[in-house]
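Look at the two complexes coming up: chain A is in both, with chain B in one and chain C in the other.
Moving on to the complex of A and B:
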């Protein structure tokens, strides 16, 4: 038959290999880290040595005397170009270089520009800064108190988020945002509850440890523009924010990325881009600033959190009320912390149907390095609290932990605590799959002697951040070949392949024939950012629509053509022309009521992740060996099943490290273990003998081919699953992450009446 | 990192001539797995590095004979790990090497550097303390032998003087009835530095322990023999009670350093647990 073959079901749902796999193996894949430009200067940052203080004097003379040094840039130089040098996605609070005062150890104070990185490094050490120290505060609860030393004179919300406007001008506080949710009457419900459980849980600060540290190369143009080559997850945001700082229209700033050697939320918003841009414009030469792994510990972290959780339970084991008060340690600059506070904070009731809910979340400034997004965006801190408490409740009431969760499950058609009626969230199916993967109904060997065995589960939920927009273009060239233009950043999660699969599915061509053009704001259309597991859903929908638009144009243009090539020839009479299909996606959304936090439409989709763990606990050392770790996700539909499974097992290994041993150790704001020699991440010997990532499918009504996001889902629940397994094995209850051998041994010895001596 | 001179002499004599005892910025470098991270962290700023990589011959081989193992100082840890001579003469070394740091480090790190570094978190020093070993050292004044018991003086301090190089390590021949074990405990990731290393060696005469050696590392500022534990073992029956008492003596004898891997009290407890386990597992 004489028409294009747009057969469906060929590409989506297949476990295709990554399009870039061979190039990654043979080392030819592009990373910004490898970029060198003619005449390029190397920037090296001189950082604050104290946690809080006024800058009295900066002496750059010794640094300038080093051979090869071109300039030393300080806040005074920045001010010549950018009179108001404060940036940030939620608050305009972070200066391009420390201005007047420093607020955390490691804060950039000056940048040395030199011909070579060694001269820059040597000179950066020679910048002499005199400080007048100020009292510092590190603990998030202490920093929220009225008498705490104040970091910022005045809160300055950015314009991007309208719901922060009421905070403008607020003074004498470190609380950058207090977000609340009120549903029902918790006080009354607690009074009527059969049991009330109350605990405080804590998590420390951890770091992303992406293998490609942050890097930006800024390239000024003689004609008055600027190209920023940067390892960023949010090129569109970088363009907007740099334009705003410089007072330029967006069309004079070009931002491009390549593959990222990992991101995990560290490379969002502005990191090195503003600093590199200013240095390049001042020097009138390209400037490269590349961090060492060690410097990243002072750049962005995950939020430490203190979570106070109180839950009322009826005689039948149903939770009737929950009150959660969470203090988020945001560090010295807000970054995206207020979003973490609000957008994750409202999910603290978990995937449970609880009638009375009261949640209070505080984003708190402290004199530690800034905290921002890290895979899961605050969810794992909350799941740590509510899923640990779930096992305490279940055990106290004599209910099986799995049954307890089933009894309280939030089901489709029921309102979430925010008031949004739940659609496309399969709690029962995830629990069933978890039970099956853990052989939960089978007898379990609990070990003997000094090795005790236990098993545990947990389940957590996240609402995908909203509202956000993605746009995409699908180009058909004169020879019929196809390219997807989108600003989703492939940072190892496999988005290029996913987007190619979606386009290929619509166009009826093999995925391997689709080229995905990497983000370049001069070329690829706007995307909010690659974060929060939003790309498959949002950009996937945009790419699908763009491909449908291109296909429709071709069909109109050359009815009866049997290939794109023929269609183009039929229309243009030679190998020529371009057909551009455009697609845009922005879900509907209703802003929460500022007083109650309630909204009829808080999110486009819910991400649900369950985990199960089996552990062996050495009761003489406190060391936990995770022998089996299962992640189960509700993914709507898997575009690429193998890719989904790897997201789930990769997240499991990452969270295993956070659970068992990763923690930034601070002393007066200094990170004592700011290197991979002492901040250990999991290696292959730490990977559980049995590691499983599996998923349930129930096509989401609005997802592209039914798909939802999955990048973060595997992060939510491994921590409480492991701690619940420890609890099962030993009866020991730990409230603080990570579960280091010493913490575990101390708890075991305490419980056994033989406490280990202090210190 | 400032510019520095890198020299690559072809002979040990040339290397020694290029070292300068008076300049702390002059150092020999073999695999660089310890020195280069210190340079990157700017803890060490060299004026001259004397690379030993071009020196071959006697500094590289692994030989077995009646007198024990003779190992060239430039033998890599990977070569030791896979050496059948090492496995036959000292299986406790081969086992420890499999989880010593990681394969990338073992491929470049050398035995001489491993000992000369003086870092208490190394795995082979406590083992060599129990096996019996001596190191051959060359300097401008000629050669000398240092007994392994006299090598480790303190935190990153050894008896190898500035201007001297370790050229060879001699591991004593082991009696056929010697029982050995090395128990390593990591508190963070599996491939982390040890929090405690415990090495043991003993022989039995009849139903009694004839001679015993116990060494502890990582928790202490240098790898140390534990005389109090050895005394309890010597002449006693190899029983759970004896091993427990020796472990208690070891825990009492050490003076652990608190750090991010554990408090002093926790490390003392880990010394107790792992000395006992090493004695129980020795074979």
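Moving on to the complex of A and C:
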């Protein structure tokens, strides 16, 4: 410790406003959406109209005849630059443009480049493609069957994830990954259990609907490099993958982002970047490709899932065995689906201490648009199943739902189903807070007549993705001011402010004096990506270390200085110089055993989220009104409490939409409701009268100042909480999301012995 | 090409535009006013909301020539160099925005509401802003901010909350 005597400890734990708040309210904040470059062409994608087929010929003549059209790019043009045009984080399976065949409706087949967006749009419709249709498969269970039509001739793991390597060369299957976990002996335990419960739950496909539609501007350089300006959550990955495709060293590709108008997992890995890069290199001009809202429905979705869950319960209400078989509808390209399958799959025992567990997960290719990460990475599909079933078990056994969860809670020091001993997960505290927020021990008005009221809870857990790396630099300039360089992308979650708070805490300066430099791979060091609620923990640790390094250098350089400014003057004799502190963080990890899925160290931290809901159900219309929605998270420690609460209430409303009405409707692979008019997301009128986001704190030993991630935690449990409240109100058991009025009414009428006719 | 002359944020602006150009693209691409956002481009999301002759308009649904001779107010017209508009200030202080992409549209709808009804109930706020969607926030901090402005404008010193 040097003699810098300014205080530490004033910045972390404060509810500071976000650094860019003024620029967001006055409309001047930077998004890639706003970027225009001189000489820029506009790219518009011509997309496949069929779900599966061979491309016989592509006629671009009519498109090329449109005034203002510069070129029409197809797979043949791509091949001139990129002989092996397949990309993806898990599998190299997705072509930059459809090559030989198409595998889903909406797959990019050609890109029209024009002087203006109108000409590009008009010409894109005039590209004529002749197909030879192939049999298609849409259902994830059917697609996993041995006789299903096969989408990809051969599996091609990307090599980034070692546990996918064994799949290389596998043929004639749509199962992109089968991940299993075996702990104990479920068969024996089921035989000995007092009760065995078995259900199948389903969730449909939903969409991120980030408000800044995906956009990339690629800019070629005369010297042979490329700058990619992109609304991406993973600039470091974009750089490495574009370099790989082009056969260039990474230092010729510069990837930069700005603030994102939402991400939620949609803007990860490669989306438009490869296409825009190739178009720009071919045209030798900057190319902007911006999706419309409807195109986003064909680009990336959340996985639909079929979850078969079987649970054995002892006489005292303790769960003794669980078997879960999950089929994940991955769509036509794997994207990060196999990671969703494995990383979420092993969590299907929930936050419960269950001795015998057998889990099987299948990532399945189908002829629907690709599925990837959506806020929660597969967790909410599983929580939907195990927390709905928990209420059925509790009700059947006559145990209060909260008490049932307490009785089965997985506590610190006990092994999770993977074998990892749990550290820093507070199930009891979350349940206590939930009970308090829901006034669970107070009498509850269950309504009368046609309006029935009910309440329900749920609790879910996620293991943060591992292993991943974050690096950061903290620069101290000649005047003593400071900047954090990191590749974490602020997409609305407030990471700039969080990182500034962490740096400020270490440096002993106000957060508002810290500037956060936005991701630019020429400038900011590597980060795996902004996903999976990993940034506060991983990048937070890297920033903390970088700030400590910078501070230590200053203290060594100018012992006795009382400010950074004085220290820099003492060393450089004028306003000059830069001190660069560096920090990196990568948690320890043990790869799961390929046969059993067991690992002594599966994750750096557990994310735990509980939710409670009160609903009114109109038994004549089936409409559910959520009157109260509570999200409770275990966050380790809140770096910025207000920001945490907003993540939790925002997630609650997003998941409310997925629970009550959001669902992509398909017909032969076509999305029938690809617009925000037909695919309704929650609006002002859907917000419950009472909406609460709250958290419990128990500092995590490895987290920066004890913090864990929270971006996804609020997504886990609102769905089962709402459905359990419906169950409480009406006794009606629904297995499929969303809980549309039609589904609810049909179930109510069926339960009452007066089923509605099928439409 | 069609010549359009309109008043934007108190200034007379003229442009020669193709007839199919929307007011949104005119503002963003010809006038460099990028506060209004192109979210859905078909009138579903409200991110492009501006005020035309005192009424909120989805500027992606109005053709530029339809705005000829009219008064257009965008988010850029609210703040001065010195200070934010009270609605902007309230949104800043409440932390009402997250990614911020919907913000300019929401703020313009709030402005039009408060101009017409300086003391709206929560229900009136929800109703007036039903055409502005947001994917991040859950809306409650926006409602609180608008209530704050209404209280500040109408009941100084602040009395009991409505």
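Note that the second predicted complex is superposed on the first by the 755 of 759 C-alpha atoms of A that agree within 3 Å, B and C clash if a C-alpha of one lies under 4 Å from a C-alpha of the other, contacts with A are read in each partner's own complex, and residues count from 1 in each chain.
Operating definition for what follows: a residue touches a chain if its C-beta (ideal position, glycine included) is under 8 Å from a C-beta of that chain, and two chains touch if they have at least 3 such contacts.
Quick caveat: nothing in here was measured; it's all calculated off a predicted structure.
In the superposition on chain A, contact of A:623 is made with chain B only, not with chain C.
Contacts of A:308 after superposition on the shared chain: neither chain B nor chain C is touched. Of the two partner chains placed around the shared chain by superposition, chain C is the only one that A:34 touches, whereas chain B remains out of contact.
When the two complexes are overlaid on their common chain A, residue A:491 makes contact with chain C while staying clear of chain B. When the two complexes are overlaid on their common chain A, residue A:649 makes contact with chain C while staying clear of chain B. Of the two partner chains, chain B is the only one touched by A:745; chain C is not.
In the superposition on chain A, no contact is made by A:14 with either chain B or chain C.
By the touch criterion defined above, A:195 reaches neither chain B nor chain C.
Of the two partners chain B and chain C, it is C that touches the larger number of chain A residues.
Of the two partner chains, chain B is the only one touched by A:672; chain C is not.
Shared contact residues of chain A, touching chain B in one structure and chain C in the other: 118, 292, 675, 677, 681, 683, 685. The touching residues of chain B, when paired with chain A in their complex, are 1-3, 37, 40-42, 99, 102, 185, 187-193, 258, 260, 262-266, 269-270, 273.
For chain A in complex with chain B, the touching residues are 118, 121-122, 125, 292, 294, 620-621, 623, 657, 661, 665, 672-673, 675, 677-678, 680-683, 685-686, 740-742, 745-746, 756-759.
By the touch criterion stated above, chain A contacts chain C in their complex at residues 17-18, 20-22, 24-29, 31, 33-34, 36, 118, 208-213, 259-262, 264, 292-293, 491-494, 642-643, 646, 649-654, 675-677, 681, 683-685, 687, 691.
The touching residues of chain C, counted against chain A in their complex, run 18, 20, 28-29, 34-42, 44-45, 47, 74-76, 78-79, 84, 88-89, 91-93, 95, 97-104, 107, 125-127, 129-130, 132-143.
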